[in-house]
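A, B, C, D and E are the chain letters, set down in written order, and residue numbers restart from 1 in every chain.
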């Protein structure tokens, strides 16, 4: 059984069919790429996977259980975490608080013990602090832990988004153009980070990216969307040479 | 997160300071150094601080604009007053029970209003709370039990000639507890979730924060506190005049919160105190004081758009550290 | 010399609408027949029964379909009231549309406009037309001045929205207290401004004020809608509202655009003020409070930012108010706000508001 | 003769010294590119030129006009258009209205031919002409932003990272558009992270590093430079 | 009689708002041996017009008393505090007067709710308090130290019901009242109850929300009910709007009102006074009366403040004089002595001779007025 599977997924915005009959599946621990021209519906796929919009038709199953109809927070809690194409951090909160927020649902202490600082508060807060620091370390953000998120350089903000998504303890990590706006050096670093994450946390990764060297270098499997439909699927080599993909997306390079 | 031991020491110091302040004020009042007028003003300051701090939870921390906070106060005022008026217990005992009831009833209203209202965002939420505030008031104007337009009179107060500081322990310690609770709430996991919603609701959802729950939590908590404050206020004034719990009253509290700095608890305390006392000091200029007030308000907003303290908290220990020159991490207790 | 500058407006007898009504001749004569037969009218909270009861009453006495008559009368009452809400709401909506500011001082601009009409007419002794024009110009200027002094800095410095809101509240308090100092806090009465005949359609009696309100509000709405949707400055306004920086890159002078918006909004408020004074000939420094609040509700109901929406919201609010007054007058405001809440919950962006869902 | 001359430009954000006395020039008919990492100061430079930011000191001369003292909304009238970073299209207006606003300063002229020209270059926009711009995908929005800037018929176009977030095919297309725009007589100043592509089409280039110009020269020469290859072209 | 509308009189600078301010300082005679009397009134805010009227009259009364040698051989110092019509502010102001300024007695407050709040506090301090115009029944029930010189709401409601029945032979009545104002609800309820006893059918009872300006819908209903009389138990500002709209809606029946109507002619545009034809209201006094004291007061007031005195000022004047008279009779400034003296009041003032009943409400007959040809007209004295 695949970890994540979509069947005949579709959505329409008014008259516009943004996605139509999208089927793909993701195995645990796999890194998969989702590519396609602008407006193909890649981000929309993420939005459907995370319950931002309800699909018009089709299903999404995580470990065999449908997640349709669940709210975004519930879906995150059941194991799908994401980053956003346009960075959406908790700008005025500290970097570490950004990460801790995503751990909130895994914590147990009550409002009352939060207010009264009962022992459970101290115990859990200490645990979370440690975990969060560990995560920041992995993502190379340890030195910024106390900084306010909005003051981070752009590239670090992207990494913080990843760290926050990881903090929700996901089984599937969805990354929307994580390398956008990065230079080759930074992009390379990011590639390494994602690999490390996969090793350390055993998550499966589904990523959207336009940087082909990045996608081809990282992904084990690639799905190509065009006009809301899957036009190709396969190994990086197959995709690179697929004439439909070249025509629709890669261009004659 | 603060170190546990350091935190407890700091709480201890604050507790001692609070107790000292209380006994200091009490002594001044009982010995007549401060007269009834000044004593009543202190009571009023405490009540307004409680209101402002509770509104700060929704407006500052949760980032939702609420224009009907006085409505919860009104509900609490009626609940507490009707209880103490009809109870055979002496007021010292019936008042605390009444206040709890006031809080609970206001919280119930908070839930009733909050569940539908919190589905909306920004200005629309503000408008709905405004609407509910007005509805509560109009209904109170039409019910027998609330005394209709006449309002409810003859509410007993603990403060009187013999006991000039009768209400002080109640208003003072309730304000202190509320302030403490707001501080610690802001630093708990629940506080973080609430702040995350303020910062970016969609991202908060995606980080697994149950936004509906936390919005409601903040809203209901604030309503509860406003209800208690309303109960105190009714017993301070001895009368409930429903027409005074209108939109304008809600705006007064909102101004306290924004002027002090949204999200800053100490800011709310500061501006609620100043805005309660200053008009009294300016009594002689009654024709001009509102004019002056509006000009000051506009100027503060123009030149300090985030309020006097912004999001920072005034912290005694940070101040001491700064004075004693130990500059090392003057970390303003970031809520 | 105590000659009254209003002399030229004065009329002997009652105002024309009243006269025409009394000429209708079908009105039941006071006395014998129609009385004491309708205990259901003794108390209003009878829901529809009261309305239907009244219908019977009319039916028996006049042989006309009284319920329809009552229905229409109350609806027209509501439309007349709603037109004033609508005119004020237009200003709210416009300013909100451009700078995303709930301009709580807008209601007070109505007050300023009313006082200007009063001042120019009664103190300076000018004719009505000059008073109205003067009031419009004065308000437009005041609007721009307020924007420059109180909002400009915040708008250009990307201040938190709520600070702007508080500043607007501050301006509102300022205007009220300033006018209280200038003109005293007591109520001032106004003469009838527009002395037009009423219309009598069968049993239906429509006062001149109602007709005027409805006609002017519709004209203003169409004018404004055309301005925003069709003209160059209208496009500039919309662009500025979206992203002032990008608007500048298009060569738009955003400062002028925002000032223009405030001028138009405030000028409209002055028109509203003239109609208001004509309909409810009484002004006071705090008159803008409730009116502003209701108009704001109307703007939201219709979808704030939308011009036809403001109009629709005003009408709906007026008619709803009129009808609740008919059935349960004590709870009017509660019911009106209740309607607002229900509508918002069903359609969060208001009736005609664009629901631009944030693209994630 | 240089169309645009920047001299000793200094830009501050509060205490942050973002641009530290840079000087450069763009000659008529050229494509000049500014390349540099995140936060190097490319956007700040462009904003200073287009008047969205007031520099602390320095001079900017365009076509004989001093831009430092010219208000932002007047700069476009001098023939200098900008495609801002992050597109900044008018989200709740339709695609068509966005394009019309691009021609705001040419209100009295007949624009039909220009629309057709834009649509010929960017056919996707034609399909979506009635759609609200905010609901376009990222790439579509970028096309719209370029189209919108072209509607003013500028002498010179400032482009801030036009390829950001675009598919490889579209990146190619966008650069083709830039080239053809340039061939049509429009001078171009291009900010890019995609240094490889940028250097391919540019005549000259400046490399920005933390607010200062680290290198400059012919684009083809820089593309061969070992340091540039290392840092910006991915080895 | 009828006066030009204030809207058309004089420059705006001569407004009431300004004339109130100097009152505080001017009366401060050389300190030490003065008797301090406190005043509470809304001098700013929505109901300030009432407060200013009362306060002006109090100032006049005290100036007069001081000119005549003061009381108990001492000058009176009058300290007024603005309470903006807000109970909370009123209590603050009261506290200041009693605790900071140590006044011996208070004239005030003006409207019911602030007065009620203050009255409750004053019982604790046993400070003599006399209100000119707070008509809510509960006010004086607060304690033995609280008096008033105006009629209470229920009394007026009952009075007008009787008048409608006995003098106007009304068989049916409609009521339109301000549902957020206890004054209005108080009169309306009393009228309704008493009308029923008298066999008058209440054909419609419609409320409105405080601050409304549009009454067309309610009036449409009233019109349909076709009553013999329409009771408008509201203050003059609203009377003007309602009467205008009522007539425009074709309601021609008699309009009834209470003492809140006093001053209505000053608030209606002269071109419109006809809408008030055929209306009857009760008042505490008649400006038409030939009582020389009253006429002297009225002209003096006009001279001093540039506008006409109204019921509030007349009552304020009487209240102050009754207090001064009581202090004189008490022979000391001791609270209890003053309160005891007040109980025994038998004072002839502008509103006639006032004594107090067991609830410390005034006992005297009311005046019924009507409006004809743009002027008030005395109809008769009327008692139940």
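One rule holds for everything that comes next: a residue touches a chain if its C-beta (ideal position, glycine included) is under 8 Å from a C-beta of that chain, and two chains touch if they have at least 3 such contacts.
It should be emphasised that the depicted structure is a prediction, and the values quoted were computed from it without experimental measurement.
Novice: Taking mean CA positions as centres, which chain lies farthest from subunit D?
Specialist: E
Novice: Where are there more C-beta contacts: A-B or C-E?
Specialist: C-E
Novice: Would you mind checking which chain's C-alpha centre is most distant from the centre of subunit A?
Specialist: Centre of mass proxy via C-alpha means gives E as farthest from subunit A.
Novice: Distance between subunit C and subunit E based on Cα centroids, please, to the nearest Å.
Specialist: 33
Novice: Rounded to a whole Å, what is the gap between the Cα centroids of subunit A and subunit E?
Specialist: That gives a centre separation of 72 Å.
Novice: Centre to centre, by mean C-alpha position, how many angstrom separate subunit B and subunit C?
Specialist: From the centre of subunit B to the centre of subunit C is 35 Å.
Novice: Which subunit C residues sit where two or more other chains touch them?
Specialist: Touching at least two other chains: 177, 181, 289, 330, 332-333, 360.
Novice: Which residue numbers or ranges of subunit A touch two or more of the other chains?
Specialist: In subunit A, residues 43, 52, 84 touch at least two other chains, as defined above.
Novice: So which stretches of subunit B touch two or more other chains?
Specialist: Only 138, 141-142, 202, 287, 290 qualify.
Novice: Would you pull the subunit E residues touching subunit B in the complex into a rising list?
Specialist: Residue list for subunit E touching subunit B: 17-18, 20-21, 24, 43-44, 81-82, 84, 86-88, 91-93, 95-96, 98-100, 112-113, 116-117, 120-121, 124-125, 136, 138, 142, 178-182, 184-186, 209-210.
Novice: Could you list, by residue number, the parts of subunit E that touch subunit C in their complex?
Specialist: My answer: residues 4-8, 11-13, 15-18, 44-46, 48-49, 52, 171-172, 179, 201-209, 211-214, 216-218, 220-221, 224-226, 228, 237, 240-241, 244, 247-250, 252-253, 267-272, 274-275.
Novice: Going by the contact rule set out above, which residues of subunit A touch subunit D in the complex?
Specialist: 13, 16, 35-40, 43, 85, 153-155, 177, 180-188, 210, 212-213, 248-251, 253
Novice: Which of the residues in subunit C end up touching subunit D in this complex?
Specialist: 232, 235-236, 238-239, 242-243, 245-254, 354, 356, 359
Novice: Quick check: in the complex, which residue numbers of subunit B touch subunit E?
Specialist: That would be residues 35-38, 40-41, 44, 138, 141-142, 148-151, 153-154, 160-161, 237-239, 241-244, 280, 283-284, 286-287, 290 of subunit B.
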